[in-house]
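What follows is a set of structures for review.
Two complexes, one shared chain (subunit A), two partners (subunit B, subunit C).
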Partner chain A sequence: MACFITNKISVSPQQTFLSDSFFSGSANVAEERKLRAVEPNYKETIAEAGLRRRMSRIVKMGVSAGLACANGADGVDAIITATGLGCLADTEKFLDSVVRNDESLLNPTAFIQSTFNTIGAQIALILKNSSYNVTYAHRGFSFESALLDAMLRIEDGDARNVLVGAMDEITDLSFAVMERLGFWRNGAVMGEGANFFLLSGSKSSADDVALVDVATFMNRKEEAFDKCVQGFLSRNNLEISQIDVLLYGSSDKSYCLGGVCSAVSEAVDYKKYCGEFPTASSFAVWLGAEVLKRGALPCGKTLDGAKRVLVYTDYQSVNRSLILLEI
Partner chain B sequence: MENLINDLKAQLIEELNLEDVTVEDIDTEAPLFGDEGLGLDSIDALEIILLLEKYYGLKIENPKSGKDIFFSVKTLADYITANRK
Partner chain C sequence: MGTVVTGIGVVSAAGLNVDENLRSLRCCRSGVAKARILQTRHDVPLGEVALSNDELRSLLGVPEKERFSRASLLGLLAAREALRDSGVSVDGGARVGLVSATSAGGMDRSEFFYKDEVTKCNSGRLRDVVLHDCGDSSETVARFLGISDFVTTISTACSSSANAVILADRLLRHNKLDAVLVGGIDPLCKFTVNGFSSLMILDRELCRPFDQSRAGLNLGEGAAFLVLQRKEDVESGGYCRLSGFANANDAYHQTAISHDGIGPFLAMEGALKSAGLHPSDIDYVNVHGTGTENNDWSEGFAMKRLFGDCVPMFSSTKVYTGHTLGACGAIEAVYSVLSLVNDMVFPTFNFKNAIEGLELEPVVALRENAGLKNVMSNSFGFGGNVSSLIFSKM
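After this line comes the complex of A and B, so read on.
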């Protein structure tokens, strides 16, 4: 049973938040190997100053995207969020105060806001929504885990509408630490963003995109992963030739995904738009759904009759995932 | 006293991240908590306890007195003046 993306909102390094500019204009590029999000006007998206003042950047990005996505929904039966590294700025602030103040005089706000489920909880508080509320922090599989949970809840009849979102943020410290760990080899740039989706068991309009299948694969070498790709297509009764657009996010540009790259008419490296972060696949799902709905690629190129998008994500050669979208 | 009150207001703005609030906006005698005045809450109370210790080396020895001490910027300043060594 497919789920349908009845609404989607993206805060990303591109002009994507409630704007068409990304598809009609040019793309923003990285500065100092970082692709920072184009942030909304938070005074408009989170009107209450008392709430906003305690929120760090990732919380404001996530809450803004989540609230905009839930706006107009016919009820939200579950809120499922995902983050690979959580609220890093608040975590850094809290840990820094632990060290600087010799484990005393600890700032309560940074500690409270540093937890991974802060964004899901804030959205629920603002919406006064007491339904199922879960956060997945499974590094490179966080967003995929959230999607699978949402699909299961809809398929089992536990929910009609599920708000699913993912977010991660850049901090200068995390960039430096990850640089020492070799994350930015092969020209990768650090990215960030918050992408939210309203998933439903039925369409709300004729051009809603279906989220058909999600699969995760841990620690697979490329030869073995070729078979995973074939298995994924087979279980969806598809041939390679039936995939119209491939959105790939991988540091290994030479890997051809079992021949999919050469078979599709369009293959787009989506991480050049959003950068590398554990939940980057959430941007790809937003992008894939927009591509199918608009019949166009970012920055102006039109597509003729594209029906299927395959999203392939490789996070540090550890977490690989495939997500199939269809219109 | 006026310098202390202005310092306190600036520290409250900084530590509580009071967006778009200036020292001039804060009424020295208005309540800090509740719907009037600054509308602070219990988490802010914890932050103010830390502020007093961090900037003035003061600890609230009797928790029951907190409500009176934290009533306004004026009462905070009075407490600091009376107890600062």
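After this line comes the complex of A and C, so read on.
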């Protein structure tokens, strides 16, 4: 049920937004355990000043990435967004005013923007796009669910081009809460970003990367997960030896696909570039597609004839997913 | 071929299960009243589920040590009822998934956390805030019921759970799953009450959908789930078919629907198309009908455009439950199934005068032997997210 990534845009902690410099080997590193996104020049991405001013940071990031990704598309037949925690800063802002003002004299702006579908809705509004529009908000499965929905729509012929993207943001409160919960204990850093893709049923150029398959796994024990990987590979008629690059992003650094990891010649921890957040796998798909297109890893190492990337993501050892890309 | 509804479960201000809800609907008994459980300064009627968290917990037999948000407790009650009703076994070899939907998620607990975090110098209890996100109630319900093949959550404000139904159908048609427990959950919390209050769209009286004097909505809470299966996999019929649906975006404003209801029109028209039905085939519309100035005008306008002079019977059941946000699509889907199965239209009993310029009158008294074959259910949300579902007799 493959579909093709005909455009992709990444706002990430790296120089990825309409920029080549990430792959020249200079990666940004975390400061105080946070990998903050390198934000676009919003004056260029969101032309209308009033609109720009009203938008919070995550909305600007998401809308910028989404609009840039849809730019030049031959029609967008569905807009599918994903977010683990939504517009967190707006949510905190409104919650703060409810508590501090004791439920009186509240400004609705933060409430309005706090809904999880704000970014998908704003993109539809700006593009005047009345097609299918939905938002997934389920921890480490948010982006994967969006991909699955997009792929099935394309396969059914209900859409030719689907704009699908994911976003999450760092806030001081969420960082502090997760710190108290022990999220950053074993070396993980908090990340954020907005990654969008234009998925199509057919290629727009010869080197478009195919999104071949996506699968989610709830609450599987590590021992049992190797079997899940085998099942995923065999339903795609593949052996592990046919995977050229494994991009893994694990919450638990001690486990990265056990046997699978050692069987693949190139295994890259992608969360060291984007940090930990519920929709980090969306950065991995951007990265994987870029690796296949360039035939090179972000460290600069060239790969000969790399055909397939497997993205493995573990979110808090509860949500695990596999995504297969092919060129 | 096709998708059938084989189980239903619902908890709302109108009752703790399907039977209680049906009784309220038949007797025109609203569950919307003065706040009893939620502590809020706002003196507005709310559609509260009658039980406290502790009472819900004991009804469900949830152990004391388990920290559940109100969202999870409500969700579990409705989801368990639907799953039992369907007879689907989660460990009988069938691949069973959960597609849930919510707008507030575990916000009721986050509010406690945040208050302490702000007023008592970072002493908010972590066990409260870990329940915050939308996925929490879905995973809790899934874990409690033993569902692990597929779990996800949709959040598109007030159309969330209608969109969940749309995804569930696709997962079944693509043979990704054999049965889907699909629905929505939303608890009342200060966050949403204050949000809607700040938008000045809360009525201080019982909401009056499609009435000229309407002055806003009443918020409510609850959860509803349906079990959907492929028709060919079901031996003994099921309640009805899910025969059509569509999702569109109004692309007009972040919180308002366009005056001419273009999004609602597209959603209803798309649902008809996907069902292979004509406008005249629809016998009854369970409208979104929140009671706000904006919604009811736009929805009515869109219905007139779609149905012309022959607008079918319609009613808003939000007078029974209040507007349950992310749960309303599923609650009203269950009510639509009840309408079809019992062949009755539940009335918007407090209607007096039609909106000037629309002249549309909802059903105002219980209509039995209504001759229903196809029922449409509308759900519209912030962000222009609008969806329509159609349920049809087997």
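Rule of thumb we're sticking to: the second predicted complex is superposed on the first by the 322 of 327 C-alpha atoms of A that agree within 3 Å, B and C clash if a C-alpha of one lies under 4 Å from a C-alpha of the other, contacts with A are read in each partner's own complex, and residues count from 1 in each chain.
We adopt the following convention: a residue touches a chain if its C-beta (ideal position, glycine included) is under 8 Å from a C-beta of that chain, and two chains touch if they have at least 3 such contacts.
Only a predicted model underlies this, so the values are computations on that prediction, with no experimental measurement involved.
After overlaying the two complexes on the shared chain, residue contacts for A:N117 are found with subunit C alone; subunit B is out of touch. Legend: residue contacts after superposition of the two complexes on their common chain; A:A224 is shown touching neither subunit B nor subunit C. Of the two partner chains placed around the shared chain by superposition, subunit B and subunit C are both touched by A:P108. Between subunit B and subunit C, it is C that contacts the larger number of residues in subunit A. After overlaying the two complexes on the shared chain, residue contacts for A:G50 are found with subunit B alone; subunit C is out of touch.
Looking at the shared chain after the overlay, A:L125 reaches subunit C, while subunit B stays out of its contact range. Within subunit A, the residues touching subunit B in one complex and subunit C in the other are 106-108, 112. Here subunit B touches subunit A in the complex through residues 16-20, 39, 41, 43, 46-47, 50, 53-54, going by the rule given at the top.
By the touch criterion stated above, subunit A contacts subunit B in their complex at residues 49-50, 52-54, 105-109, 112. Contact residues of subunit A toward subunit C in the complex are 79, 84-86, 91-92, 94-96, 98-100, 102-104, 106-108, 111-118, 120-122, 124-125, 127-139, 141-142, 145, 149, 152-153, 155-156, 173, 176-177, 180-181, 216, 218-219, 278, 318. Within the complex formed with subunit A, the subunit C residues making contact are 40-42, 103, 105, 110-111, 114-115, 117-119, 122, 126, 129-130, 132-135, 138-139, 142-143, 148-157, 163, 166-167, 170-171, 174, 190-191, 194-195, 197-199, 247-255, 262-263, 266, 381-385.
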